[in-house]
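Listed next: structures, encoded as structure tokens.
Okay, so subunit A shows up in both of these, paired with subunit B first and subunit C after.
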Partner chain A sequence: MSARLEQAVHALKEQIDAPVASFLSSCVHCGMCADACLFYTETGDPKYTPIVKVEPLRRVWEQEFTFMGQLKKKLGLAKPITDEFLAEWESKVYDSCTMCGRCSMVCPVGNDITYMIRKTREGMAVSGHVPEGLVGATTRAVTIGSPMGVKFPALQAQIKHVEKDYGFKVPVDVEGAEYLCMLSSMEIMNFPEYIGAIAKIFDHAGVSWTLSSKAFEATNSGIQIGVSDIASELVQRIVSEAERLKVKAVISPECGHAYTAIRWEGPNLVGKKFGFKVRHILEVLDELRKEGRLVTEGMEEGRLTYHDPCQIGRRGGVLEQPRNLINMLVSDYVEMPDGGKMNWCCGAGGGVSTIESADEVRLKVFQRKKDQMEAVDAEGLISACSNCRIHIEDGLEEYHMDIPVLSLTETLAEHLVDKE
Partner chain B sequence: MKKHITEAEPIGDDDTLGAALRRQGVSRRSFLKFCAATASMMALPPSMVPAIAKALERAKRPSVIWLSFQECTGCTESLTRAHTATVESLIFDSISLDYHHTLQAAAGHAAEEAREAAMRENFGKYLLVIDGSIPVGNPGYSTIAGISNLDMLLETAKGAAAIIPVGTCAAYGGIPQADPNPTGAASVADLITDKPIINVPGCPPIPVVITGVLTHFLTFGTLPELDQLGRPKAFYGQSIHDRCYRRPFYDKGQFAETFDDEGARKGWCLYKLGCKGPTSYNACATTKWNGGTSFPIESGHPCLGCSEPKFWDGGSFYKALSIPTTEVARDALYAGAAAIAVGSALGMKNRASSKQAKAEHQKVSVDDLNKED
Partner chain C sequence: MTEIEFLSWVRGPGFQIASVIFVFGVIVRLFEILMLGRKANLAEANGSEMSGGVRTIFSRMAPESDTFKRSRFTIVVGYIFHIGLFIVIFLFAPHILLITEVTGVGWSALPTPIVDMAAVITMIALAAVLLHRVKDPVMQYLARMEDYLVWLVTFLPMVTGYLAFHRMGLPAPSLLALHILSIELLMVLFPFTKLMHAFTFILSRWYNGAIAGYKGVRS
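This part shows the complex of A and B:
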């Protein structure tokens, strides 16, 4: 066994905790998770069955923590963990899993399969059987500060545009502000309108907020690749900055996994309770709506639907807020079949969008999203995750569909009544 | 499991069953009533009643040889001793019972000659009824006219169209086979494997069951459908428990604890008094005994399970089914304590192993990810 493989097995062993042991002991092999996964439903290939993806973790558990497994290992009957085996599993663990959490919802014995896939990635990352694109993104996140290689000057340039367009100053590094607003580099590079939108909304509602020049990146490649040490380092940057600026809350942007990283995994990763709150931008906006601080005019035209980003809706519980906001902005709103808690993933989350070898399968499984939109005859789609938006636009192009994809925050900003 | 066997043909004289019954004063009406009752008992559709009547009416009296081995004659008593003449017993009377050493008038050599003559004249066509088990360990325990039971069985079985072991002794070994089985008693099915066998167990069996089987054979020329213990499903398809009129008390958890407590007086379930109804398959609860008067549970006694193999060796008749033979509470305590000890030892080992793995954690950096092998 090579040193790297040994390290990988050790990393998997470290990941085994009481929940994992009980999940693996209680799997009844019913296969219901297969039908919950769009990689299976759209390809019909049983290798995409979610529980199959955790096989590396399962083997380590069996051979290190069960009596029969240890006996089998001693007698040479156990299935070995080899480089070839892990190489075969790489595409199952990374290319064809977006960690959307749908399989965990349907498991009849309550196994959190997504939790185990996340843990399996810890071992895979160490073993070296990990997609190049994801390694690149992680490396850039750690060394440059953003998975897309965006540095503060690039953000500064976008801020200047916003200030020019709206005629007010965008707060940066303001100590004592109520909110520290995080961004994803996709927003900086692909959807800079988002920055303008939050600036406009917060100005409209009179919210005290700030950006940070030291920590503006909300995304966390460490979560996606499955290296907690790196994920922890990335979260720590945000925590330090929030503490330095003494903000009351940190706002996670229109990005799925960033919310999971900061809000749910964050305190566990850095090993302490945060001294500030973490909110998703939609939570903040809905609260402003409730307080009557958002005054809008006009409605969007056409039949629109909403795509729940998995990490925000199913995994994050932000389900009502977007619908409350949409009510304010859209007259002809339709809910897609399975919309809400059980919405289907766009197919590119969990790092899949950075993996080149996954391009084919991610576009193939987009069929599910296409079917959902066609079922309600949607003329436009609203979402709240830049990654979902980019992939859905990509998918619509692939399937020759001419449907606009909108950001909820940006749409809200467009309908705000101008201040007198 | 339906085996087609040769249809019964005229035997000895040309008398039909119908003629014999009429001669004995059975009206057409009560004959048809018997046919309808038989059809319903055997779960046949009502449309079969005329067919049964027609077949029985015309059936030539089949030759029946009845051999009694290690038995108590209870089975014969059950079948012949009715308070009033029933159609069942008349049908039974109407068969050509060519050999039955309890009932026949002939004795000694004449009796054996009657058996040999019946075998010769109806070879391949007669029905062979057996009651009693066969001593195989020491044949000397039971002989008839100097012939061992085993030899007589093997010889007589050769020309039989079908064999009907009547009573639990013939069907499964019964009481003679009970531990320690001093005679080495065996059942018919233990010894004969090349003939159709219809077991009619019970200690004794219900009379109507044997006439039902005979009727089936005379009507269709086939054997009725049998269960895995070779019993006709029509009569042995359901457990006593499932058809017991005291079943609602069982479902409500109302049990008689002793034979003279309030529960016993109120007619509650006898399960705790050792009733074997749940594991016994027979028609007692529906057909009942003594001309449909009652059955054991109805007279306040638990079922003994007499139609089941080894019913005599199942512990006391008064020990409830689910009460185990050893002291469970003590054994469970020991087993539980051992399981907890082993479980916590394994758990501690796993916990230590997991803790060690975490302690040995090596920090993963970007350099590790970009390492070339």
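This part shows the complex of A and C:
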């Protein structure tokens, strides 16, 4: 066994805890997780069965933590963990899993399969069997500060445009602001309207906020590739800035995994409780709504639906807030079948959108979203994740569907009453 | 060894050995799992782990409607054979007598013809499960030797019990001895195979519900 492979096995061993051991002891191979996964339902290929994806972790658990596994290993009956095996598993663990967590909601014995896939990636990353695109994104995140290679001057340029277009100041590095707003590179490069929208909303509601010139990137390739050390470093950049600027809370942008990264994994990655709160932008907006600080006028036209980004809804707990906000903005709202915590993934989360070899399959499995939208004759779709948004736009184009995809924050900003 | 000697061995030393392996094996396995522990969660909670965990232990019994549509066969047949096994194991008069003899605890039995019918339905359901395992592409992809082994050691006590009750094929003492032996085989393999799910599903559902509950999601 090569040194690297040995380290990978060790990394997998480190990931095994009581939940993993109980999950793996409980699996009866019933196959129901396949029916919950869009990669299986849309392709019919059994290799996409979610529990299969954690096989590297399972082998290590069986061989290191169970009596039968150790016996089998001694007798030479155990299936070995080899480089060929891990290479074969790379596409299963990365290309065809968005860590959307739907399988974890369905497993009859209660296995949180997604929890195990996240852990399996820690071992895969050490072994080196990782898609190139994800390695590139992670490298750029560490060295440049953004997975898309966006540096502060690029943000500064966008801020200038936004200030001119919207007429609101975008504060940067303001000490003592209530909120530190984080962004995703995708928003900076593709949807700068989001920056304009929050500037408008916070001006309207009288909220003090700031961006940081040192830490503006909320996304975290470290958790997608499965390298906790990198994930922790990326989170620490935000923590340091939040502490330097003495903000009360950090706002995660319209991005799914960024929320998981800083809200749920963040404190565990850096190994300490945060001295500030972390909130998703939708949570903040819904709070403002409750306090009566958002005055809107007019409603969106047409039959609109909402796509729950997996990491914000099912894996994040932000399910009611978007619906409360939509209530203020949309008169003809329609819930897609399985909408809410059982919503289907767009097909490009968890790093999949950065993986070139996954392009074909992610567009194929978009069929699920298409069917969901067609079931309710949606004329427009609102969401709150720029990664979902880009991919859904991609998918709609692929399937020749002419349906606009809106950001909830931006839609809200458009309906705010102008201050006198 | 005569027929009667065989029967007394399986009822005596055989049963004791199997019971010890079963009870200690299960305890050791559960201990092994729980000893691994897990790291304290440092993120600010948005809900309760305990109530989320307890909730999911029960809520997973009722699948979501889309899940039911997509996995109908597995759910229906799975329910049938699990309920059937429960009736046959715990509500058959002779079994309750044995349990009372060993533990001192007893309860009332279902009428024998009902248990007999449950046994037939359970065997049919188990046969359907096996067929599904062989025919369905996902089930086939997942299948390992162990899946067939645990199926066999679950099915054997059903068949031998049915034959023993109806006194078919062999003299009664031999049939009863084979029935008991097949159960001992099940008990011995139990702690070392996925049969453990009968206990660990409670842990798994709890952890699943707790992880989600902490974030304010009902899983």
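By our rule, the second predicted complex is superposed on the first by the 419 of 420 C-alpha atoms of A that agree within 3 Å, B and C clash if a C-alpha of one lies under 4 Å from a C-alpha of the other, contacts with A are read in each partner's own complex, and residues count from 1 in each chain.
Criterion: a contact is a pair of C-beta atoms (placed from the backbone, for glycine too) under 8 Å apart; a residue touches a chain by one contact, two chains touch by 3 or more.
For clarity, every value in this text was computed on a predicted model and none was experimentally measured.
Participant: Look at A:H415 in the shared chain and tell me whether it touches subunit B only, subunit C only, both, or neither; answer first, second, both or neither.
Facilitator: neither
Participant: Let me test your reading of the model: by the given contact rule, A:D229 touches which partner, first (subunit B), second (subunit C), both or neither?
Facilitator: first
Participant: Please tell me which partner, subunit B or subunit C, touches more residues of subunit A.
Facilitator: C
Participant: Examine A:H10 and indicate which partner it touches, taking first as subunit B and second as subunit C; both and neither are also allowed.
Facilitator: The first partner, subunit B, only.
Participant: Figure out whether A:K73 sits in contact with subunit B (first) or subunit C (second), or with both, or with neither.
Facilitator: So A:K73 meets neither subunit B nor subunit C here.
Participant: Quick check on the superposed pair: does A:K47 touch subunit B, subunit C, both, or neither? Answer first, second, both or neither.
Facilitator: Only subunit C is touched by A:K47; subunit B is not.
Participant: Quick one: is A:V109 in contact with subunit B, with subunit C, with both, or with neither? Answer first, second, both or neither.
Facilitator: second
Participant: Just to be sure I read the superposition right, which of the two partners does A:D35 touch: subunit B = first, subunit C = second, or both, or neither?
Facilitator: The second partner, subunit C, only.
Participant: Between subunit B (first) and subunit C (second), which, if any, makes contact with A:R303: first, second, both or neither?
Facilitator: neither
Participant: Applying the document's definition of touch, where does A:F65 land relative to subunit B and subunit C: first, second, both, or neither?
Facilitator: In the superposition, A:F65 contacts both subunit B and subunit C.
Participant: Residues on subunit A in contact with subunit B in one complex and with subunit C in the other?
Facilitator: 16-17, 21, 65, 67.
Participant: How about subunit B: which of its residues touch subunit A in the complex?
Facilitator: 346, 350, 353-354, 357-358, 360-366, 368-371, 373
Participant: Which part of subunit A faces subunit C closely enough to touch in the complex?
Facilitator: Residue list for subunit A touching subunit C: 16-23, 25-32, 34-36, 40-41, 44, 46-47, 49, 51-52, 65-68, 104-112, 115, 263-268, 271-274, 277-278, 313-317, 319, 337-338, 341-342.
Participant: Given the complex with subunit B, which residues does subunit A contribute to the contact?
Facilitator: 2, 4, 7, 10-11, 13-14, 16-17, 21, 64-65, 67, 125-126, 128, 130, 135, 138-139, 142-143, 225, 227, 229-230
Participant: Using the touch definition from the top, list the residues of subunit C that touch subunit A in their complex.
Facilitator: 29, 32-39, 41-44, 46-47, 56-57, 60, 63-64, 66-67, 70-71, 74-75, 78, 136-144, 147, 192-194, 196-197, 200-201, 203-209, 211-212, 215-219
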